[in-house]
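Some structures are shown below for you to check.
Here come two complexes built around chain A, the first alongside chain B, the second alongside chain C.
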Partner chain A sequence: MAIASSPPQTFAAPARGQSVNARILRLAWRSPEMKVASALFLALCLLTLFGPFVIDASATKISVADKFLPPIFMEGGKLPHILGTDQLGRDLLLRSLIGLRNAFLIGVVSVVLMFVLGCAIGIYSGYRGGWTDVVLMRITDIQMSIPVIILAITILGMSRPNPVTIIAVLVLSGWPIYARVARSVTLAERQKEYVRAARIIGASDLRIMVRHIAPSILPPIAFVAVLDVARMMIFEAIFGFIGIGIQPPTPTFGTIIAGGTQYLLNA
Partner chain B sequence: MAFALEFFLRRISQGALIVLAVAFVIFTLLRIAPGDPIRIILGPMATPSAMEETAQRLGLRDPIPVQFVRYLGDIVKGDFGNSFIRGKQGGTTGGSQDAGGSAPVDRAPVIELIAKALPYTLLLAASGFLLACLVSIPLGILAGVRNHGWPQRVALYLSSFFVSLPNVWVGIVLIYLLSARTGWLPAIGYQHIGYVIIPAIVVAVELAPVMIRSISVAVATNVQEPFYEIGQVRGLSARAMLFRHVLRNAAVPLLNSFGAQMIGMLLGGLFVVEYIFSFPGIGLLTINAVFQRDFPVIQTVAIFASTVLVFINIAVDFASTTIDRRLKF
Partner chain C sequence: MAAQPLLSVENLSIFLGSGDAARKLLSNVAFKVEAKSVLGIIGESGSGKTLLSRALVNWVRPPLQVSSGTVVYQGRNLLALPEAEMACLRGREIAYIGANPTTALDPTVPVGHQIEEKLRAVEPGLSRSEARRRVIELLDAVRIPSALSRFDEYPFQFSGGMMQRAMIVDALISRPKLLVADNITQPLDVTVAAQILRLLRDLQRDFGTAIVFVSSSFGTIVEIADEVVVLDKGTVVEAQDTRRIQNAPVHPYTRELLARVPRLWHDVGGIPAVNSEPVVLSVRDVARTYEVKDRTSLFGKNRVQAVRGVSFEVRRGESLGLIGESGCGKSTLSRLLSSLEPPDRGAIEIDGVDVATLRGEALLSMRRRFQLLLQDPYNSIPSHVSIGETIAEPLRIHGLASGRKLREKVSAVMQEVGLSPDLQDSLPVGLSAGQRQRVNIARAMVLEPSVLILDETLSALDQVEQAKLLDLFDNLQRKHGITYLYISHDLAMVRRACSRIAVMYLGKIVEIGDNETIFNAPAHPYTRTLLSSVSTVEEKPFLPKDYLLEGEPPDPIHIPEGCSFRSRCPFVIDACRSIEPALVIKAGASAAACHLGMDDLPPPRICTVARGVTGLQRLENS
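Up next, the complex of A and B:
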């Protein structure tokens, strides 16, 4: 999402040899939001990486004696179950951390794949033009007219869902937007001086697409793609909730929520 | 007029092809995916010969292209087929039945199932969308006009907060807070209009961040353009500039993002929300149909959904050219 309305800033004179990205990062670092968000992100990363070794509990081992323990800061809570336990006595903090790790991996992998696939198709389509363009763009139209959720429940509900099929579904439904955007930028880029110059000195089409067009158009698209990781993680949670995500006993956000739902009315 | 006519003819014929392709993709996916609907229709006790007989009668053993052409032929006659599972009287008739009990005449026509569910989905969609508009239009405009003050901050924080909440989580928490804990509102199923409130809030929470974001960006870019200040220099009030000129200009990118993004999101959101709340709409019908391998229901819903998507996109493109005549081709 473009931040079209950032307040006017006084730009310090750029130090020599400093890249634009480094300057933007430094500028962003000044805002308190950036600091809080980075700290949170880092803390969660460390927790998911090391939590499972530090916390003396199991995310999948059932122990009925310990079921429905409240979090440690409420009355009746006890160590090592910092956030309490679920209906089968499994540690909730640990389950959430593993769920987060799975969701994050699925989110990152699927966005990287849909980005690469979509942009490759988009650049090719825009650069080639003609019939190639027409056919590829009609395919994107078709793909975009199948609602994600229908595609997902059809494929995942029929087969036995695992991380690979989940990623496949997300990529399949996510690539057309990248293809659209990459194509429209490529169309504008194709006319530019440097592309024509590259062609005149005899660079092959593939080389022009990969070495010249892609580096100049991809960074802004990649920026938007980062936000998509969060969207894909939410999809992963939704799939888990409906029962078409990663299957138990592996914890996911969706299955944790679904597990708690049954006991909501007695809580 | 000639422009409009040509536009619609061209786009509708393209759209029809797209819907046809979508239908074929879903049709094929269902048939090549593992999971045999016959097993679910007849139950675990059925003999292989009975299963084979039923499969033959339902035409599930023919090559997929043959099945597809036959299906299209039926659709042209207005027949979307009968559900594999659901009986005419309502309720599920799958399970331990003999082969004789599964005659297609006893099964509910898909079209009736959808007609029964559609009003609920429309009600939920309309109220969720309305609720999202009530919050995001004023907030988005305010944030766009005063883009350094508190409205911009509120809009930013609110949309960042909402966008990171999965709708399943919001749904469960709201059920707990507004229904289970306090008993203020009913939550599960549908008996009267009150049952739509909590699901609509969940749908709105999902839509609002995108709407706030796109409205404020669209308004902000227009407010920064020279025509905004020039208009005020010429004596037009800020209010008149905003409502007559800025909003009109901002409407085009908004319509585009609403068409492409929002309808897809709304549709996905509806399915999930209906599932959470056991709300008897199209989404719940479809999710149950998938788990029961009820091919005719899934196919028809997919066809209808993609038709809606295609038509909304055509309408959006037409509306943008009417609002901003520069876009005509």
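Up next, the complex of A and C:
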């Protein structure tokens, strides 16, 4: 009624019409930290994506003549091997970039999966309570008690390791933390009045869990997740180092270090 | 020495921030506190009361800045005192109690030990056992039941009222000359607040402590203070003797404050009448018991009887008030009524359909008919969702509108409850408590319910905002014929808004009747106690000295046999010990669950022209 008669009021501020999320992003973009961090991240991504095409060398081709070349800023270094070569004459910068790409992909994908799986189980467990909660949390405890490396050796040692199985192992060992955190935050959120309010207007349990509880538990869990990407990358390197990671000739951080260890003291 | 006041504040101004952006919060405040007297400071929220009370103990920290003035305590300017010297005075000679006892006590240390620790810090020579003895003595003096065992209990084992008493002990243990009490009765139930007030008066007499009593409630202030300072937007507008300020307020702001104090007996006008429309909501013998783990045994369970058989009916377009103190089962009842939990037994019928047995789709469509408004305006709306989306959610869930139509409906309901439709796309972050509560109301109203349950919906708001929302509820009722169920502890609000009133105690309705009867001729001693402890500026028909309760309600695990009120009732007779009284119609036309007849209770004092009323009449004449 009054709305139709006064369009200038409703549409006076176009910024208002945007979704809340868009405005939050815009607000975040105003901080210089956000800009610097984004720029760095973007640079790394571009380097790992396009580096292999730009650098005129091979990460896998063996060339005994060029083995143990030092980086170019040291005596004896030569182009195109900016960071030098390894014991088989393969370009180290290129190998590192490809290793980083693999590690990062495995880290991000596995964290996203364990995040979704863990949160779903945690929210459900905390929201339901009772026996559901007891059973799910005991399963979580059991899973938590199995060391990652032993789980990895068992599974990856029996199958042929590839990115999919590595991610599966990481997700399997990583989700309990998310389930635990999500559950504890859910227990607190469940008591809050807005959840009661949602039930009063007739919202289903699923809707409450997805639309109301999930967004409010995001901040504490997102923080864990960001740190976990780095942790998963380290695990990926460890797997590579002990030989149960992505198999050669594809370079990974683990195999690069493993290949170099016996020459470390001679260098 | 005798002529010199204990504390005098001169020309005190405090700013927030510095430079051009500075905001003046207190300007040129001046008053005096005589030794052994009680000074009341009254003001609305935001008037600078708390800031002033903190300045009295030199507790003003950046970005707040004292720009001028002195606080002279026994010849020394506290504001200029070095921190070390101030620390010697604070807690020793000048004590401070804040509004929130739950955050003032360390949750990990037993209450008695905290007080003992303080006492020994103040008097280092004291032996442990001597300190302990003195703390227990004082805990006894503030009537904490079985102080000896309470000494070793943790704060979470104390109720709000008991914690506030413990804070009083904590403040008085060092026998201070001056006590600053900032809004200490605000979070308490009326009967407990009345007990605390009486306690403070007794202690003040026994120990000779001067008290600065800060409060936003006129009724509380006039009950305790000898002299009153009225604070408005950081300036003292009036300082007077208590009796004079009540009878002949000078400043218009004081008159406004006084006029705004809700009246329960005099000049009430506009009480909603009882109607005879068909019954909309019918509650029959509803009960709910929770099982909680008994910590003293491995598998033991304690049964908490939160609601023990409640029955009442509400007619279409009527407002029923349900009053009671915290812990009486109000909130549990509101959960049962709004179908968040099923009752153990009994029926809750809305238009003849028992909602307690409904499930799934049937319950969902029934939910449109009855909505619950919650108390906390900050927690009850999600903070990460835009206001428009919050209000639109019920429509989406029930599939009532979408797209353009949805937006229009949301705008319409926002206008109806007094929110600008421009706010649709904003987050609730900057909203005031009142505006948030309007969002809450809009979310319920968008479903066009026929019954609205208000569970302490207005108790978090100040009086002005409360009055505005009550008007809004009135309008909505007239326009849509909505039935209200007010669940509250606020007697004045219920007096204004409800045609019939039910009083709850320990999970049962002890008295139910129409508004006039409940307030003027109640038949249950508990109802009379509630009425006697309400703080107001008018003369009451029931006086605290006849009805004041000792202690607190028994916990709902150990409900006394016979009449559940007998452990606190001043008029207990033999029958109360064994026979549980049923609700019967009494002489005053209300139904009450009490063995006593109206004649067994002291007659209501006839209200002559009360002091407060003469003040009011003066105001109207001027």
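For the reader, a short list of remarks on this structure follows.
In the analysis below, the second predicted complex is superposed on the first by the 222 of 267 C-alpha atoms of A that agree within 3 Å, B and C clash if a C-alpha of one lies under 4 Å from a C-alpha of the other, contacts with A are read in each partner's own complex, and residues count from 1 in each chain.
To be clear about the criterion, contacts are C-beta pairs under 8 Å (C-beta built on N, C-alpha and C of every residue); 3 or more make two chains touch, one makes a residue touch a chain.
Since the structure is predicted, the reported quantities are computational estimates derived from the model, not experimental observations.
With both structures placed on the common chain, the touch criterion links A:L105 to neither chain B nor chain C. Shared-chain residue A:V148: touches chain B; no touch with chain C.
In the superposed model, A:G157 makes contact with chain B only, not with chain C. Contacts of A:R199 after superposition on the shared chain: chain C is touched, whereas chain B is not. With both structures placed on the common chain, the touch criterion links A:S216 to chain C but leaves chain B unconnected. In the superposition on chain A, no contact is made by A:L113 with either chain B or chain C. By the touch criterion stated above, A:I242 is placed in contact with chain B alone, chain C being left untouched.
When the two complexes are superposed, the chain touching more residues of chain A, out of chain B and chain C, is B.
After overlaying the two complexes on the shared chain, residue contacts for A:R207 are found with chain C alone; chain B is out of touch. Residues 1-2 of chain A lie in contact with chain B in one complex and with chain C in the other.
Of all residues in chain A, only 1-2, 4-5, 7, 138, 141-142, 144-150, 153-155, 157-160, 230, 234, 237-238, 241-242, 253-254, 257-258, 260-261, 264-265, 267 touch chain B in the complex they form. On the chain A side of its complex with chain C, the touching residues are 1-3, 9-10, 12-13, 16-20, 192-194, 196-204, 207, 212, 215-216. Chain B meets chain A in the complex at residues 14, 17-19, 21-22, 25-26, 29-30, 33-35, 144, 147-148, 152, 163-164, 166-169, 172, 175-176, 180, 213, 216-217, 220-221, 260, 264, 267-268, 271-272, 275-276, 283, 286-287, 290-291, 293, 298, 301-302, 305-306, 309-310.
Against chain A, the residues of chain C that register as touching in their complex are 338, 340, 363-364, 367-368, 371-372, 374-376, 379-386, 393-394, 397-398, 408, 411-412, 415, 421-422, 425-427, 440, 443-444, 447.
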